[in-house]
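There are two complexes below, and they share chain A, which is joined by chain B in the first and by chain C in the second.
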Partner chain A sequence: MTVHEMKHAASDGARLEAVGGRLSRVDGPAKITGAAHYAVEQQLEGLAHAVMVESTVAAGTVLSIDTRAAETAPGVLLVLTPDTIIPLRTASDWFGTPPPNVPYCPLARVVTYSGQHVAAVVAETFEQAVAAAALVKVTYDETPAIVDLSDPKAGDGIPIEAMTKEWGDAQAAFAASPVRVCAAYNTPREFQAAMEPHGLIARWQGEALTIWEPSQWLDGMARTYAEWFAIPFENVRLVSPYIGGGFGSKALALAHSAVAAASAKMLGRPVKLMLTRPQNFTSYGGRAATRQTVAIGADRDGKIQSIVHRGVNETAVDGMWVEPLGSVTSIMYATPNFSSKQNVVRVNTVVPGAKRAPGENPSAFGIESAIDELAYELGIDPLEIRLRNYAEEDPHARKAWSTRQLREAFAAGAEAFGWAKRSPAPRSMRDGHHLIGWGVAAGTYPVRRAHGEAVVNILADGSVEVESSSIDMGQGTYTILAQTAAETLGVPVEQVSVKLGDSHFARAGVAGGSRLAGVMTGAVYKAASQALDELIGLAIADPRSPFHALQANTLVVRDGRIASPRGEGPELSIAELLSAVGREKIEAKGDTMPATTTAEERYKNYTTIAMSIPHTEGDYSRHSWCAHFVEVRVDEDFGTVRVSRVVSALDSGRLYNPKLAESQWKGGIIMGIGQALLEEGLVDRRHGRIVNGNLADYMIPTNADIPDIQTISVGIPDPHSSALGGKGVGELGIVGVAPAIANAVFHATGKRVRDLPITLEKLI
Partner chain B sequence: MNDQSTISPTTLSIHLTINGRDHALDIEPRVTLLDALRDRLHLTGTKKGCDQGQCGACTVHVDGERVLACLTLAAQVAGRSVTTIEGLAGEDGTLNAVQAAFLEQDAFQCGYCTPGQIMSAVACIREGHAGSDEEIREYMAGNLCRCGAYPHIVAAVRHAAEGLRS
Partner chain C sequence: MRDFSYLRADSVEAARNAAALPGAMLLAGGTTLVDLAKCGVAEPSAVIDISHIKGLDAIDVSAGRAVIGALAKMSHVADHAEIKGRFPAVSEALWQAASAQLRNMASIGGNLMQRTRCPYFRDPANFPACNKRAPGSGCSAIGGVTRGHAVLGTSEACIATYPGDLAIALVAFDAEVHLGERRLKVEDFFLAPGATAEREHDIRPGEVITAIEIPGSAAARRSTYLKVRDRQSYEFAAASAAVGLELEGDGRTIRDIRIALGGVATKPWRARAVEDALKGKTFDEATVRKASELTMEGAVDHGANHYKIELAPRVVARAILKLGETA
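After this line comes the complex of A and B, so read on.
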């Protein structure tokens, strides 16, 4: 199937309800009236409330936990410690790697980071649980901790061979290059900070477990619960109808999830547990702090001869996270010689995790800052140097791009921004006290692909149901799947209801890596096509159908009505036809997996990420692309930086709904502004503790920090990337924003800040 | 709403007026308005984002003014008029102009901060602080949105304010 087989392939000017139309969110009315019930808002009889107790040291052993005062506090039902919680089994990781056959205890006896869960209290009310949790006394044998990458005890870390990418002789070519730049670029520990805290409600009914939990991956998390409790996968039902933001943080069942489910089992009552906002900074990992050095050697015309890249990211003492720092470095520019290597360094932190564009985001900060430095070194315009080194094919995979509208993005963005009016010298543009700077940077994100399935039912009244255990955390899944089904079946979009967020629906893989829209529109298109074929088949072949006598080869459905293509003969609504032929329902399950797929492979496909399809599979290298143009105003006396203008041109291929895609792009850009100027997890060096673990001290952008933002779509349908021609949207927007701002700050001030965030003390 | 096991010697019997309806509650003095709304009255439209007065997701109106329900004890608002997101639309379901503008401008993604944003926006316009985009940004800065809907929130508030003025 290609995009050309769609009936309405145009992205722009498409009817609202068709794929590519600017339909408002179909879940919008529920969200603006308070009627949207998020997972942890289920009202259940007999609900008990759990509160976690976390470690106050970063390394050591729990010597004792005094629970006496907590146990006798009003309303307390249960105090859980490593000694009293029921034993669980260790679950496999997200690759599905078989776990070691050892018990799993989600409460720590050996502490490896500050904020690790060591105990929990369950009480009749939330207030009682909070009060009793404060009475739990934990004593530790504290040992020295490695607080962060700059700790003298941290060392050089562990080489990750799989991250090594090399061609040519990068070191020699760099040494021989007439023009060289080499610098180190750092990004701090950052947090996803979704507005909805993590939490869950767990309820057991016999051996069946129902979990209401915000989730980016119902099937993957259901697998983890099933393995922890040694029950069949089918016994676990995960429900997550709306998700209050995830940004990578809500794809895994975590230690507190296990505690809630275990306590519900122990009590024989449903248990609700919501992490406090500070616990949201320590109960799961944000983006790992990173360090990179980027060396670029070029000829005097600015043509890159060599890139030498070395990267380090922090990981946990007892867990592994690799933030792939060479991912953009290795593909953005054409270079005959290249070398990238990466180490990870263990520090006393919770295991870092996925935050919007893991890898690509810090990688772009390195290479897109470095090429800006090269531009100034050579006296070449920063946009021009990017065009001189434009990669006409994937320099690493040595394959053609499926589509790469980056040149178009540079052109459209520059035009809309007015880049031609830029005065090249630093500190040469000002407005009173404000130094004005204009910066540019590019971004990219790979097209991650997977197989998917979806159910499409046509009901007796002519309405259509779409069912999938995929989710909508604000990307617009409800809306674009309604549009896909409506267009494919030829029914008004109001007749389509999309049901998501229940693991008992048709299976779905992770909503991560910007893959969900491409996977699910393909699956719904397939299911809806099958349903349509069956509907038309019935209309033609069933003796009770009014179309039977017509002896037509095919029929068309438009606006929910069936007719012959030429208009002769009868015209019936879908409901009238189903009634005439005596059918209650047409059910279709669309499945993009090969027919030979075994049940085991199917399970693996949806509950692990092991079967993701490489973005360089076959003849093409598939990525989305963007170019950000940023204006900053820097107060000359105080060093405060304000972003005053952003124009971004982005290639996400065909947009399924431009209105929603633009929102996601802007959201990514705004998170990038936060990364560039505000966001930094601060660690107390004495105790290895995050000291700004709350939404006032870990500063994310507020409305007053954000200017109007213009986004321009330069994408074209990419038949190699997805069934309907789209590429990734959600993660692309953030990639390249921070270097564009850093480059603009250099242009404004003449100071190159290579260490995020760009705070005023680095400029004065 | 409370059974015997949750009633302590300090339990208060109070009446709250929420969206024009009277609710009798037996609660401890330490129960916040936010938890009373969400856990006792099952009005979950008001969201808990931080429980520390930092994010604005729990914004409601008390006697017409915006307050943070997480920093307000339920007992403090006894006898006062509380409006939540559930009470903003008309009895017939007609959306408030701000709600309609949020939908039209796509001023939200995940929707979790949205009730608080809308309650703040209604108050912002009523306070006379929606005169320019600059002013809207400043007076809406207490409501965090991690999805980054800010430019669309500003557009929605501007459109709603213009609509209400004309």
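After this line comes the complex of A and C, so read on.
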């Protein structure tokens, strides 16, 4: 399932297979030919189908569930309600905090948002389950809902002290500043809208549970299942060979996952459950709606004296999500005085979750719009004002940057874009009916680090196997791990097969926060180095080895052949050597943890995020950086905005595979264009329900909305950030795109839009 | 399970007979019907597949008119050389509709019968009240999310926008729909909601659209379709206009002008007031812009859709001005 044909991989550069080479995705051919089987495409004997029933009110109590009609409908095997589902145990959260000793019921008795799961139907066929689910009659005692942040009942919310960042006297310095800007910036509820919907197949064999489910975090989700059903962790096997997009949404086992696994247990049959597209908008959280005020005080030269920032994000009535709104605000610019505080407000929504660059993304929209406003206020070029306030060190942590190629990003981006030719005044560039605007904004994302382990096996035929429970959701894990193993061992990349997405493989933490590549290349490097040492050790020391007589200190492996460094003596393929010394296989397991790590700590490292290493650990502050330059065309009569050019220069440190990194950056930039211009969950205020929860009405960009995007890598290897010198790639690209577009729209039209998305009625 | 019978009609006659059965629905390309069945809006007891009827996909442009068979695919009509030459607005309206995949599947007859995109209409489980679906049940949209709803031709019963593009061009050029015995102006075929929101078309049980017929005219030959929307492709109109123009021999005086609007009304909307204000006038930007303001006479907004009242006259003016630039 996971062995990919390399020979079709397109080649467009020398030394493709080395780390840093532009090898095409090794899983690409399997995907475009349909040979790649995704988790829920497994064909199992006796598969039953489950369909969720969701609440149609946003708040209230379930008074009764009439299941009679559904139970007698054709093909129905089981109708699950809070009263009939088997009791589960509450699982610990993703920090591994021990759960309260209360049972867990994934079906709600008390409804806290519209679309919450209240019942489920399992039937022989999917169609029968859908039809029967429509027959389940739920009655509610409905109570008033708090629909969103602007609801009068919402209040000011709960202060999150841990988010407070302050130095100097920000209020006083702002008041004393000769030039001041202060404005409110809002982002709406946004959704991940991955192509592959959420869903799973669950199968029990005795006390062993196998789950096929798209997952950004096999070990973490396996832990949750184990805790729900009170079975040992080892009894759960999670399989997730490919993921059709996650964007943060696929890291946790969710209520519907528990329902599928529970019904499989109750029926003694494997059960498949796919959420419908509308349910993908209500069964897990997208990005929380946010509100920020950013006040900047500066002197007349544009030097920032103070930043005062206040943020609010929505969270659920019964769940906590903090979208760290001060994360970029506090590090992007040097300022002697700073204050950032944040509240969360409970509203009747599903608990919001991670969507590409949670925190940094809306944070950048605030600060990068505000500094643009300051630039116009002062009549200073928006790029120049950013350079005047360049932070030479982390202004919050007061530590040196590990690397910060942001100045280089500004320079390279401006050059490629032609920024110097910009005419400064708003509404001063046009082409027929199109007002043309140029905007710039910066972005950043912290280097999140953790540990991983990998197995590297050298087999009798000289081929190499890499195994890890990490995953590939399109970002290229299969490919870069093949490159890492090939380069470390000195074998052609076609000889390496990478197996991912099975929790019984060597363990890995979450694929989130852009950390996986850095962690896993390090682990594979380590395991492959061990395997190489053993191989060379055998060649030198084993009496049956043809190299034995040579009495060499070391040998080299190149193109899968072993030789002495100077070429004297024999030359053998790896297979020939292994056969000569009578070995079937060399097995190496490497991990990046200190040798003293206990088994318990390891378990915690892979199954929780509690062991993540802070990006400001030690002497350095570690982040990736970027600068986006954007051209928009705004129709002066219609208010329609189209992005006509994007040049982005990005610092993700060393790139393991530039082709794949560019694709990820571009994906982020495209998502940012959607965020700036299109994406918004529209809430019906009377019902507290999203009314555009489907891909026809929830707008994302089409190909026609996306211009050519030029990305420029300005990164240098960052030894403080990862074993091989890379920094995060996946989230970085989106951060700063929306403000760059909003800034360009201001330049085009003279209208400052501070509420995303920038739809035509805001400009008309 | 919702069982239904499936019948394949070999002839129009057979389709008519089968369509007269209670609960029967015709199936052409299926891009609307299957979608609505999935949403729980369409619940046919019998599906009559007409897509195999021979000859119903012909496109004939002769004797000064175009006759387009009901089963002609949107993409074929859009790409037809004589449609492009003599009825550019028709071709452009089709090109800007839906997506390439949908246009390759969807038929012209089905296109006329497509239903509104009102999100409340399409979500019966959560919003039982909808006069279009369940007469007398009320309207969930009024007072709700109305950004896409109509500002013209609305009633207290329903404010749903007619979403299609092709019909806007058809209405502008006085096209007719062939329903066997009956022939109707496309403009009359579509019904504003009034008190009977459930009746969208003047079509009777057992009737099948066999063709549409568009009379040729100088205005149709010099025509365009302008569609303004939130994104560049694959999206319904925020406001659109089909416009045709004929100038007198002096090259300045407007002899004939046709204007119809999409995306803003409950049915394809002919802007006769603007046409009347321009006929006989000298073509210049100020006159055009001033007349275009009449576009929204009688418009009523529901808050979030107010922008359509600003937008539509600008779309009309731009489309007319664009035609003026072409010789």
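Heads up, the rule we're going with is that the second predicted complex is superposed on the first by the 750 of 764 C-alpha atoms of A that agree within 3 Å, B and C clash if a C-alpha of one lies under 4 Å from a C-alpha of the other, contacts with A are read in each partner's own complex, and residues count from 1 in each chain.
Here is the rule we use: a contact is a pair of C-beta atoms (placed from the backbone, for glycine too) under 8 Å apart; a residue touches a chain by one contact, two chains touch by 3 or more.
Because the structure is predicted, anything quoted here is derived from the model rather than measured.
Within the superposed three-chain model, A:Ala704 lies in touch with chain B and with chain C [touch as defined at top].
By the touch criterion stated above, A:Ser114 is placed in contact with chain C alone, chain B being left untouched. Shared-chain residue A:Gln43: touches chain B; no touch with chain C. In the overlay built on the shared chain, the residue A:Gly667 is in contact with chain B alone; chain C does not reach it.
Contacts of A:Ile307 after superposition on the shared chain: neither chain B nor chain C is touched.
Considering which of chain B and chain C touches more of chain A, the answer is B.
In the superposition on chain A, A:Val440 makes contact with neither chain B nor chain C.
Applying the stated contact rule after C-alpha superposition, one finds that A:Leu78 touches neither chain B nor chain C.
In the superposition on chain A, contact of A:Asp684 is made with chain C only, not with chain B.
Contact with chain B, but none with chain C, is seen for A:Ile32 once the two complexes are overlaid on the shared chain. Residue overlap on chain A between the chain B contacts of one complex and the chain C contacts of the other covers 74-75, 127-128, 131, 696, 701-705. Note for the complex: chain C touches chain A at residues 1-2, 40, 117, 119-120, 123, 125-127, 143-145, 147, 228-235, 238, 306-307, 310-311, 314-315, 317-318. Within the complex, the chain A residues that touch chain C are 56, 73-75, 114, 127-128, 131, 134, 278, 433, 635, 637-640, 642, 677-678, 682-687, 689, 691-692, 696-697, 699, 701-705, 759-761, 764.
Partner chain B is touched in their complex by these residues of chain A: 24-25, 27-38, 41, 43, 74-75, 124-128, 131, 192-197, 242-245, 247, 274, 276-277, 473-476, 659-660, 662-664, 666-671, 694-696, 700-709. Residues 2-3, 5-6, 8, 28, 30-31, 35, 38-39, 42-52, 54-55, 57, 84-86, 88-89, 95, 99, 102-104, 106, 108-115, 118, 133, 136-138, 140-154 of chain B touch chain A in their complex.
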